[in-house]
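Take a look at the structure below.
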Amino acid sequence: MIRLEKRPQPSQAFSWATPLLAVLATMFFGGLLFAALGKDPVSSIITIFWEPLFGSNAFYYRPQLLIKGAPLVLIAIGLSLGFKAGIWNIGAEGQYIIGAIFGAAVGLAFYPAQSVFIFPLMILAGALGGWLWAMIPAVLKVKFGTNEILVSLMLVYVAEQFLASMALGVLKNPEGFGFPGSRNLQQYASAHNGELIAGSGMHWGVVAAFIAVIFAYVLLARHRLGFAIRVTGEAPRAAKFSGVNPTRLVLFCMGTSGLLAGLAGMFEVAGPAGQITIDFNVGYGFTAIIVAFLGRLHPIGILLAGGLMALTYIGGDIAQSQLGLPAAAIQVFQGMLLFFLLAFDLFTNYRLRFGHREVA
Amino acid sequence: MDLSSINPVLFVAGFLVAATPLIFAALGELVAEKSGVLNLGVEGMMIIGAICGFATAVETGSPLLGFAAAAVGGAALSLLFAFLTQITLANQVASGLALTLFGLGFSALLGQSYVGVKPPRLAEVNFGPLHDIPVLGPILFSHDIVLYFGFALVVVVWAVLKYTRAGLILRAVGESHDAAHALGFRVVRIRTLAIMFGGACAGLGGAYISLIRVPQWTEGMTAGVGWIALALVVFASWKPWRLLLGAYLFGGITQLQLNLQGAGVAIPVEYLAMSPYIITILVLVVLSADKSAAPASLGRTFHASS
Amino acid sequence: MNPPLLALSGLTKAYPGVVANDDVSLTIAPGEVHALLGENGAGKSTLVKMIYGLVKPDSGVMRMHGTLFSPQEPRAARAEGVGMVFQHFSLFDALSVAENIALGMENAPRLGVLSQKITEVSEAYGLPLSPDRIVGDLSAGERQRVEIIRCLLQDPKLLIMDEPTSVLTPQEVEILFKTLRKLSAEGTAILYISHKLEEIRALCDSATILRLGKVVGHCTPSETSARDMAEMMVGSTLKTPLRADKTPGGVLLELRGLKAKSPSAFGMPLRDISVQVRAGEVLGIGGVAGNGQDELLAALSGETLSAKDMVWFKDQDIGPLGPTARRALGVLTAPEERLGHAAAPDMSLTENAMLTGAVRENLVRGGMLNWPAARRFAEKIIQAFDVRTPGPGNAARSLSGGNLQKFVIGREVLQRPEVLVVNQPTWGVDASAAAAIRQALLDLADNGAAVIVISQDLDELMEISDRFAALNEGRLSEPRPAQGLTVDEIGLMMGGAHGMEVAHV
C-alpha cells in the first residue's frame, strides 16, 4: 500500500531534482514516441540535444541558441512573477505580437530617416504595446473580477487577427509587389536589432533577457514587492493581512509580464524575424509557460530552462531536416516535459510511504 | 455588400450547428467544475477528439464510430489531467495548460496524413414529413443525430444534477471536498469520473468540428473554441440551461460573422473574425460580478491527510 | 451481564513523529453517556475517527455487541449504528438542510419525504430546523442541529459528539443536554468528547481521560471533583495569569458605529459597533463563532477598510488606512487562523517574521528587505516565547499548533503595540502554552497597551478581561466589568438561545 504523506517542509533537494528527473523521463518517453514514429530513438535524442551544441555544424547552431532562447527567457521571467502570485497571464503570445506591431510601426513610421533615436523609441513602443495588451485583462480583473486566464487568452486570437490585418493593410510594404508583410527592418539600419558581436547571435534582446533575469532575481530575493508576490502565491490571506494590496499586485505582475513579452516581440521583429508577417508569431508566448514552470519560477532556473527549450527547438529543426522527424513531434516533446515536471513536483511537498515502514 | 445573400433559415440552421461543439465542450467542463475541478485543457481535449474522430471515421467509413473514438480519445487525455491533479496533486491551472499544449502537438502529429482528406458524411436524421415543414423543417429537422444528442445531453445533465443522488454527491464534492471526505465519499474517484466525462464531451465537441462543421482536418482547427467553452461555463453560472442559451448566442455570433464575411461587408475580414473573442470578453466582464454560483472548492487541491 | 455496546481494547495509532493513540481501551454500555476527556492533542479526535472508520488503527481491536467491528469507511460505521457530530462541521454551505442530511444517509428517501421526517424528528427532540434553508445562512448552533438530526434519522446506537458545546451559548448548551439525556434514556449511547469539566460532570455517566495518547484514568464524573479530573488531564499544575490591579489610561481605540460587509459569501456583516478601549485595559469579546469575529478583526487590522469616522486611534481616523499604515501607528492584530492567515505555511519563520514585522522592526529600507535583521527578529521571538523549533529557517507548517501560535502572538507582542487585537489566541493550544500567551497579553496591557481579546472560550475571557462584551449577529453588546458577571448574564449578552424560544422537550 503506497501512501502520500506531506513533508513538514518543502524539500529543497527535490525542488531542484524535479526538473532534471522530468528531462530524463521526457528523453525516455520521447524516445519511445520517436521509435513509434519509426525513427531511431537514440539518434533522435542525440540529434536534438547534442548536435546543436557539439555537432559538426555547432558553429552555426550555437548562436541560434541565444536567438531562440532570449524571447523565451524574457517572456518566462515576466510570466513567472505572476504565476508565483497566482496571477495567470497565459496570453503572452498576444502581448508579444502587439509589442512587435507597435515596435515595427514606430520604426516604419520613420522610414527611411536614419537616427540613433529610432531604435530606443521602438523599444519603448514595443514595451508599451505589450504592457497595454496585458493591462486589458489586468484592469478587467481588478475592476470586474473577470478571469484573467480566459481574457488574456482570448486576446491572443484577437492579436493574431490584428497582426493579419496589419500585415495585409497599414504596415504592408508598399514596394512589396503585393505580397503580405511589412518592409524588412533588417535592411533599415536605424531600426535593425542586429548582432552586437558578429556571429555570436547576441542581440539587444539577449541583453534584455539577461537584465530581466538579474532584475527578477533581485526583486524576488531582496525587494519588498518580490516578497509580496511570493507571499500572495503561498498564502493570499496572509499576504492581505501583511498589507499587500492585491489590486496593485495584479496590475504590476500582469503589466510587467506584458511589457517583457512586448519587448521580446519587438526585438524579434526588428532582428531575427525582420518583418511583420501573418505568421510572425511561432508560439514563444506559450512555450514560455513551459519554460517558466521548468525553471521552477526561479530566475536562474528560467535562464537554464530557456536554454534547454531553445535547444529542443533547434534540435527539433535539425531532426526534422536530417531524420524527417515531424515538427509536431517536438511540440509533443515539449508538452511531455511539462507533464513530467508537474507529476514529479509531487515529491517536493510529499513523500511516498510504503505500508507503515519508513522509506527515506 | 449584399446582405440579402444571407438566407435567414440557413443562418439559423447554421448556428445550431456552430453551437453544438460548444455545447458538448462546455457541458463536459460544467460537470467537471461542479465536482470542483478546473480543467483548462478543454482546447487540448477537443483537438484530440477532432483528430481521433476524423481518423477513425476516415479509416472505418463510419462517422458514428468516429464520434465514439473521439469521446474515448478525449477521455483518455483527460485521464492524464486526472492523474496529475488528483494523484500527484499538481496545480490545476498548470496541468490544464499542459494538457492543451500537449494536445495541440499530439493532434498535429496524429493528423499528418489526414490533411486534405474528406471524411465520410453523417446522414441527417429522417424525420419524414416534419422535414418538409416550411422554415421550421430546415431549421429544426434537417440535422445529424449528434446535434440532437448534444441537446439531449444538456437535458440529462440538468436532470441528473438537480434530481438524482449522484448529482447531489457531485455537487457536494465540488462544494467542500473535506466535508464530503468526512462523510465517506471517494472524492478522488468522483472527481476522476467527472474529469473523464468532461474529456469525453470535449472530444465529441472536437469531432463535431472536424467531421460535420468544417468538415476536414487542419492543425489547430479548434481555434479557441475550447477556451470559449470555458468562458461559457462562467457565463452560464454553472447552470445547464443557461449554458444552452449561451452556446446558441455564441454559435449565432460565429455564424453571423461568417455570413457577413461571405456577404462582403465593408468591415475587414480580420475584424469580423476577432468578434467572437471580443464578445466573449465582454460577456465575461458583464457576468463576472456574480461569482456566488461557482462551486466553493473549484480549483483547490484535495489531499486526505488523515 | 450483557456484552457492552462498544469495547475498545489496545487501540494504537501512530503518525510520523507522534503516537496519537497508545494502547487505548474503554467500554460503553447501551444508553451510557461516556465522556472522553483530554487536552488538545491528547488523541481524542484520532480515537473517535477510528470508531467512525475515518482512520484505521495500527493495532488493537474494536468489538460491537461482542462481535468484531472494524469499519473500513464511515459508511460501514454508519451501517453499524454509529453516528458522529463533528467538531468542524462536515456541512455544505451552498446546499439546503435537507440535501445536507440526505448526503449523510445511506438510503435517503426522496427530498419531500425526507423534509417531512426532518421536521418530525426536530420537533420530537426540541431542535427546530427548517429543511429548506441554505446551510450557509444558519448560525453555528443551527448547523450543529443539522448534524445531530442527520445522525438521529439513522437511529444510531452510538452517537459521537466531538466538542459540541464550543459553538453554543450557555442556554443552547442546556437545550442540547436535554436532547442528549432524552436520547440516552431511549437507549442510545453517547460518546462525548470535551475538555470542559463542568459540562462533563453535569452530563456524563462515566469518563475516560486521555493524556498524550494514553488512557490515564477512568472515573465517574458526578463523584469526582473537577480539580481531580483536571489534574489527571493536564498532569501538572498550571501557572494562572496574574492580573495586576490598575486604573486604565486614556482612550486608545474607539469604534463609532462601525459597519462593514463581510468579505465572504456566508459571512456576518458588522452592524453599528461602538466601543472604546483604554490604555492598560483588556477588553474581552465573547460570542458564538460566526457572529462577526473574523469580520471585526479584519476591520481592525485594515484588511477591510472602513468609511470615514468609524475607527479611531487616539485622535486619528484610521478607518481608510490599510494594514501597513495601521501597523506603523501601533495598531497590531493576530487573526484566528494561524496557517494561511496569520502565517504563510510553506514559508520560513524568518519570512513570517518579515510578514508583519517589516515596518515596526525596520526590516525594510527603501523597498529592500534586510533578511539578517528579520532572522534576528525571528530568533528573538523564538527565544522570548519559548517556541519549540530547530531554528528560524524552518517552515511555519512544521511547527505544532501551540508553538506556531506562540510565534504569531509573540511576533505582534514584541513589536510593542499600542493596540493589540487577537482572535482566539489559545485555540487548539496546550495548557501551558495557553497560560504563557495569556500572561504575555496581560503584561502587554500592564505596560500601557490596549488589548482586545476575541475568544469563544468564556473561562479564558473571564480570567483575563477587565471588561467583557459579546458579539451577536454582528452587533456588540454594551461592555460590562468582567468581575461579578454570571454565566446567565453572559449567555444573555451572547444572544441567549438563538431562535430557540419555541423549543420544548
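Residue numbering begins at 1 within each chain, and the chains themselves are lettered A, B and C in the order written.
Basically, a residue touches a chain if its C-beta (ideal position, glycine included) is under 8 Å from a C-beta of that chain, and two chains touch if they have at least 3 such contacts.
Please read all numbers here as calculations on a predicted model, not as lab measurements.
Student: Are the chains arranged, by touching, as a line, ring, star, complete graph, or other?
Tutor: complete
Student: If you tally the C-beta contacts, which comes out ahead, B-C or A-B?
Tutor: A-B
Student: Hey, how far is the Cα centre of chain A from the one of chain C, in Å?
Tutor: For chain A versus chain C, the centre distance works out to 47 Å.
Student: Could you grab the centroid distance between chain B and chain C? Build each centroid from C-alpha atoms only and quote it in angstrom.
Tutor: One centre to the other, that is 45 Å.
Student: Just give me the whole-number Å value for how far the CA centre of chain A lies from that of chain B.
Tutor: About 28 Å, centre to centre.
Student: Could you tell me which residues belong to chain A and also touch two or more other chains?
Tutor: Correct list: 349.
Student: What residues of chain C sit close enough to touch chain A in their complex?
Tutor: 16, 58, 301-303, 322-324, 327, 333, 335, 337, 339-347, 351, 354-356, 358, 364, 367-369, 371, 394-395, 397-398
Student: Touching chain C in the complex: which residues of chain B?
Tutor: So the residues of chain B in touch with chain C come to 165, 168-169, 171-172, 175-176, 178-180, 182-185, 292, 295-296, 306.
Student: Can you check the complex and tell me which residues of chain A touch chain B?
Tutor: Result: residues 4, 6, 37, 88, 90, 136, 140, 144-147, 149-151, 153-155, 157-158, 161-162, 164-165, 168-169, 286, 289-290, 293, 326-336, 338-339, 342-346, 349-350 of chain A touch chain B.
Student: Which chain A residues qualify as touching chain C in the complex?
Tutor: Going by the criterion above, the answer is residues 5, 8-10, 222-225, 227, 230-231, 234-235, 237-243, 245, 349, 356.
Student: Within the complex, which stretch of chain C touches chain B?
Tutor: Spelled out, the residues of chain C in touch with chain B are 46, 49, 53-55, 73-75, 78, 86, 89-95, 99, 102-104, 108, 265.
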